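The two complexes that follow have subunit A in common; it is paired with subunit B in the first and with subunit C in the second.
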Partner chain A sequence: MKAIKIMSPSRIAIYLLLAAVSFPIVFAYLWLFSGSISDELEFGIVPKGITLENWRFLWSEITIGTKVFENIWPITLNSLLLAGSITLLEVLISLLAGYALSRMNFPGKDFILKTTIILHAFPGVALLIALYYVLNYIGMIDKIAGVVLIKVALELPMATWMIKGFFDEIPWEIEWAAYMDGCSRLQAWYKIILPQIKPGIAAVAIFAFLAGWSEFIYSYTFIFSSENYTLAVFLKNLIGDFRFLDYGLLAAAGLFYMIPVIAFFLISQKSLMTIKFGGIKG
Partner chain B sequence: MRQLEMEICENVTSKKASMEGLRKFLGALPFLGPFLFLIILFYLVPVTLTFVMSLTSMDYVLEWKFVGLENYLRFFQDSGVKTVVLNTVKYVFFTLIINVGFGFLLAIATSYFIRNENIRLLFQTIWMLPRMTPPVVYALLWLWFLDPTEAGMLNSFLGKLFGIPAQNWILNNPMKVVIIANGLIGASLGMVVFSAAIKSIPVDYFRAANVDGASDWQIIRYVIIPFLKWPIMFMTIWQTLSLITSYEYILLITDGGPLNKSEVWSLFSYHKAFSNYEFGYGAAISMVLVLIAVLIAILMLKVFGYDAIMRRGNVDGMRGEAGDESNKNHVAV
Partner chain C sequence: MEVVMRDVVKRFGNFTAVDNLNLTIKDGEFVALLGPSGCGKTTTLLMLAGLYKPDSGEILFDDKIVNDVLPKDRNIGMCFQSYALYPHMTVEENIAFPLKLKKLPKKEIERKVKEIAGKFQIEHLLKRYPGQISGGQQQRVALARALVKEPNLLLLDEPLSNLDASLRISMRAEIKKLQKELGITTVFVTHDQAEALSMSDRIAIMNKGKLQDIGTPEDLYMRPKNMFIAGFIGNPPMNFLEVGFNVEGDKIILRRNDFEITLPKEISANYMKKQNDERVILGIRPEHLSIGNEAPNTIKGEIFVVEHLGKDKLVDVKVGNDRIKVLTGQDFEGKMGDMVNVHLDLKNIHLFDADDGNSMKWAA
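Now for the complex of A and B:
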C-alpha cells in the first residue's frame, strides 16, 4: 500500500460516527473523575475550583441526619478479603480440576465435562433462594466466607474450562520427562506443568479478582451485618441516601471503589484484548 | 439433557464394575475433589432444593410445609405475572438487538474500518469500560446521567440545546432505560467476539475482494457476514440465555419500579423471596424460568452440536469454519 493514503469519505464518516456514539461513555467516566474533585462543574464535567471535601469518607464519618455510615477502611478490607479469597480458591481449584480433566483418564470424565458446560449456562438467580438455605444450614450466612464459596463455585465451571484449554496445549513429552525423573503426579503438576501456563494462570487470576471485587448481588443478599459489608453494598447504601443530595460524594466513593479496575486498564492496555480474547483456547 | 445424563450414568456404572475404573477415578480424586465438592454443594444441591422448596410454603422461618403445586397454580393465576412476563420478553428481545446488532456494528467499525491499531484499541477499550465497571458504579453513572432535576445531565443538555423541559427519565421510561443500560454492557461482548471472528478471516479474502474492486459494503456483505454467521447465531442464543435470567442492573437502576413497570421474571422471583420472604413461591417462579432456560440451552446444544462446543470450548463454537488458530476467544466476565 502507498505510504500516504487519503481516507475515503465513508471511512471518515465511520470515524465520526464511532466517536459520537462513544462520547457519552467517555463523558460519564470523565464526570466520575471531575465530579469527585469539585463541587461545581461547568458543562457537566469541567471542574470549577478543586476540593477534597468529596473524599471526606476516607478520613471522617459520613453522616446524614442521625444516620452514621460505616468507616470505609474496614469495608475496603472486607472487599479485598473477599476478592482475594475468591481469586486464590478459584485459581487453585480450577488448576487442579483442569489438570485432571485435561490430562487424566477416568470414568465419568465425559460426564463431568458436559455437566460443567451445562452448569455454566445455569442461571445463578434460580439458585439464589436455595443458596440462602444452604448457607444458613452450614452456618455461613452473613459471613464473607459464605459469599466467597458461592462465588467460587459459580465461576468454577468457566475457569476450569479455560484452564483445561491451557493444559491441553502442553506436550506430553515434558510430563513424561518429569515421571522419568521420579516425580509423582502431584509433583509433576506443581513443578513441571504449572510453570508452563503462567500467563494463563495470571489471566484467570486477574479476572477472578475483578469479578470478586465487583461482586454485588450475593453480598447484598447474604450479608446483613454492617461489619461484613463490602464496598459494593456500602456504595449501594450510600447511593440510596445521597442520590439527590451529593453527587460529588458518590462520584468520589465510586471512583475509590473503581481503583483496581482502573489500575487493571492502565496496566493491561494492550494485553487486555490479547490475553482475554486472544490467547485462550477453550 | 436428561437423556445425556442417563447415557453417561450408564456409562459410569458399567465402568464402575471394573476395579480399574475405580482405581483411576480415585487417582484423579485429589485433583477433582475440591471442584466436585463445591459444584455439588453450591450447584447440584441448590438445584434440587429449589425444586423441593417450590412445593412448600417456606418463609423466613425456613420451615418445610408442603403445599403441593399451590405455588405453581398461584403463579399462573397471579395478576402481576402477565406484566412481568411481557416485560421479560420485551427486555430480552430489545436488549438482544442492541447486544448483537450494535455489537456487530461496533465490531465492523473497529475491526474493519479502523486500520490504525491504537485507535482501534482506544475505541474497544472505551466500550469495554461499562463491562468492567462494578455494577454499582455503572448504575450510579446512569442515575446521575438521568437525574430527574434540571441539574441532571441529560435534562440540562436537552434543556440548553433544545429547550426541552426537565423530566424524570427513569420514572417515565423505566423499560427503555434498563434495556439501553444492559444493551451497552452486552454490546461490548458482541464487539469483542465479532472482532475476533473478523480478524480470523484470512487476509486473502480481503485482497481478492479488493482486486475485484469490491466496495466496503460489498466486502461486508459477501466476505464478513458469511464468516460471522456462526458467531452471530451463537451470540444470539448465548445472550438470550444470559438475559432471561439477568436482573442485577435492573435491581440497581429501577429495582423493578415504578409499580412493576420494569420488573422482569428473575427480579420478580428475587423480590418475592427476599423482599416478601416467600421463599416457596419465589422458588416456584424460578423453577418455571429455569425450565425455559433449559429448553433454550438444549436448543443451543442442538443447533451447535455437543461436539462443536466440546471441542472448541465455550463461546468458541462461533469460529465456525473461519479457522485461525491464534484467534480463540472466550468470555470471562
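Now for the complex of A and C:
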C-alpha cells in the first residue's frame, strides 16, 4: 500500500542542499543552450533574438575569418569511432583480465595487480614524447587506431581493477554449479558470470566511452590530417586564436558535442541500477 | 556407479586438508561424509566433483581413473549449500540449463523439465526467478537442476543446513526416498550427525583430514573405533572418565579416588590388553546410565543441573572434577545439589587407550 508522505524537514534540507550544489552546473548548461539559439543574451541567460544561425555547422560549411572548417559529420563519426573502439576494447580486455586476476592463480599475479595501477599514476602529458616515438615506429601516427591503442592501454588498469572487484563478488559455488552442469570455463564465464556483473560492465563502458569521447590531448598531438580530426579537436580549432571567436557557434557546437554523452549516460545508467539479488542464500 | 578413492591427498599450502583417504562407495549407495567443520569433508566432495584436483592418489569411477576428467565431463549432479541457482535465469531456465549444454532437442528439454518439476512440486514456480522464491523452494529447484540430466553420481553439500528445522526433517525423508527410487549413487556432506544417521546407508566419519571409520549408522554408534567417533556420534554425546586400569584374577577393576567399578568376567575378557595401573578412558553413553539407590559398582556424584528435553530429563552429575550426563525419565525428581548414585549398564561401556584414543575392543 502506498501512502502519501509529507516530506520531513531533514528531507527538505537535503533537497535544498542538492539544489544549491547543482545550481552552478544547471546554470552553465542553461547558458550554453540559450547562447546557442540566440543572437545575444540578456541578464546572463535570457535569450534575445531566437535564431538557428549558430547551428549552421550542421548543414553548411562554416568559415570564421578566412578559415574554412571541415564538415562536422565525418568528424562526429571519427569521435564515435574513437570512443566506440575504446569502449569495446576496454570492456572486452578488462572482462577477460579481470576474470583471470579474480579467479585464477598464476605466478606473478600479485605483482601484476600491484604494478598495473602504477601505470595509472602517470599523467598522460608526461608520456607524450615517448608515445609519439612508439606510434611513429609502429606506423600508427596520425591514425585514430593509434589514439585508441594509447587510450585503452592507459585506461585498462583502472577498468580491470574495477571489473575484478565485481568478479570477486560472485561466489565460487555459482561458477562451480556451471561446471557441474556441463559448462567449459569460457561458457561459465559468458553464460553464467557475465550476466551477473552487468552493472560492472555498464560502469566500465560508461567510463571508457566518456574518456574516449572527451579525449583531447592525444588526438590533438598525434593526429594531423583534418579527415581524422575528432570533435574535441574541432572545438579547439573553433576557438582558434581567439581573434574571431563566435560564442554562439561555440555554444551550439559544444552542446552538440555533449548530446551523445548525455544519451549514452541515460541508457547505461539504467543498467547500473538494476542489480538482481537472490539465488544465493548465505 | 561405483566410486573409489585411493590414497587421496589434498594440500592447500602447508595445510593437509585430506590425508591419505581410502574410500569405496558402492553403486547405488547413499554415503554421508560426516565431521566437524574443517575436517576435509567438503574438500573430498569437491575432489569427487572434479573442482579440486587431488595432489596424489587416484579417484576411480567404475574402475576408470578420473583424476584428469573435467567436471563437465563427469556427469555428476551437485547441489550446493547455497543452492547456487543462477539469479539471472528463471527456475525453468535454471533446470533446463544442463540439458541445453548437452544440446538436447528443445521438445525433449521441455518434457524433462516438466517431468522433474512435477516430481519436486515446483511446476507453479517455473516462470519465477530464484530471488522470488523461498529457501525451501530454491532447494528443490537446485535438486531438480542436479537430477534433470540423470547423473551417475549425486553430490550434496550440506543441502539442508539453510532450511528451518521442520522443513529440514521433511526434506531428509524426501531426499532419502528419492535417492532410493532413482538408485543413484549419492555422497552427502554434513556436520549434523542426526542428518547422517537418518539418511545414509553408511557414514564416513572424518576428522582433521583423516577418515576415522566408515560404517552403518548402527556400527558407528555401537562399536566406535576411537574416542572421536564415540564422542561425535550420539546425542547427547558419550561421557568420558579417566580411570586407572587394574586386573584382579579374571576381572578388571576401574578405579579412581572417588569410585571403583568392577567389570564382570565376560566383559573383562574384551579388554585384557593393558598393564596394571595404566590410565584408560571409560566411555559410556548417557542412555546407558541411570540414577538409583546406593549400591556397589556405582558412581557417587552431586547433581549439577537438570535439563528438560521434553521426553526425558538430562541430569548433569559432578563426579570429582568431571561432569557426566545421565539420561533419566520424565519422573526423575532430583534437584540441584542432591547427592546421587549413578548406575552403569556395564554391557555398554567402552574403554579407550588414554594415549591414542583408540578403542581397546574395536580398534583394528
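As a convention for this text, the second predicted complex is superposed on the first by the 227 of 282 C-alpha atoms of A that agree within 3 Å, B and C clash if a C-alpha of one lies under 4 Å from a C-alpha of the other, contacts with A are read in each partner's own complex, and residues count from 1 in each chain.
Everything below uses one rule, namely that contacts are C-beta pairs under 8 Å (C-beta built on N, C-alpha and C of every residue); 3 or more make two chains touch, one makes a residue touch a chain.
Owing to the predicted nature of the structure, the values given are computational and were not obtained by experimental measurement.
Asks: In the superposed arrangement, which partner chain does A:F264 touch: subunit B (first), subunit C (second), both, or neither?
Replies: first
Asks: If you stack the two complexes on chain A, which partner ends up touching A:A97: first (subunit B), second (subunit C), both, or neither?
Replies: In the superposed model, A:A97 contacts subunit B only, not subunit C.
Asks: Under the stated touch criterion, which partner chain does A:P195 make contact with: subunit B (first), subunit C (second), both, or neither?
Replies: After superposition on chain A, A:P195 lies in contact with subunit C alone.
Asks: Let me test your reading of the model: by the given contact rule, A:A177 touches which partner, first (subunit B), second (subunit C), both or neither?
Replies: Only subunit C is touched by A:A177; subunit B is not.
Asks: Looking at A:M162 after the superposition, I want to know if it touches subunit B, subunit C, both of them or none. Which is it: first, second, both, neither?
Replies: The first partner, subunit B, only.
Asks: Tell me which partner A:L58 touches in the superposition: subunit B (first), subunit C (second), both or neither.
Replies: Neither partner.
Asks: Specify the partner with more touching residues on subunit A, choosing between subunit B and subunit C.
Replies: B
Asks: Counting only touches as set out at the top, which of subunit B and subunit C does A:L80 meet: first, second, both, neither?
Replies: A:L80: touches no partner chain.
Asks: State which residues of subunit A lie in both footprints, the one left by subunit B and the one left by subunit C.
Replies: Shared contact residues on subunit A: 276-282.
Asks: Within the complex, which stretch of subunit C touches subunit A?
Replies: 46, 49-51, 70-72, 76-78, 80-88, 97-98, 101-102, 129-132, 135, 138, 145-146, 149, 162
Asks: Can you list the residues on subunit B that touch subunit A in the complex?
Replies: Listed in rising order, the residues are 1, 4-5, 8-9, 11-12, 15-16, 21-22, 24-25, 27-28, 30-36, 38-39, 41-43, 45-50, 53, 62, 106, 109-110, 113-114, 121, 123-130, 132-137, 139-141, 143-145, 147, 149, 153, 156-157, 184, 192-193, 195-196, 216, 241, 244-248, 251-252, 266, 269-270, 273-274, 279, 282-283, 286-287, 289-290, 293, 297, 300, 306, 309-310, 312-316, 326-330, 332-333.
Asks: Quick check: in the complex, which residue numbers of subunit A touch subunit B?
Replies: 10-11, 14-15, 17-18, 22, 24-26, 28-29, 31-32, 35, 44, 92-94, 96-97, 99-101, 104-134, 136, 149-150, 152-154, 156-158, 160-162, 165, 185-186, 189, 204, 207, 210-211, 213-214, 216-217, 221, 232, 235-236, 239, 243-244, 247, 250-251, 254, 257-258, 261, 264-265, 269-270, 272-273, 276-282
Asks: Looking at the complex, which residues from subunit A come into contact with subunit C?
Replies: Touch residues, subunit A against subunit C: 171, 173-174, 176-184, 187, 192, 195-196, 276-282.
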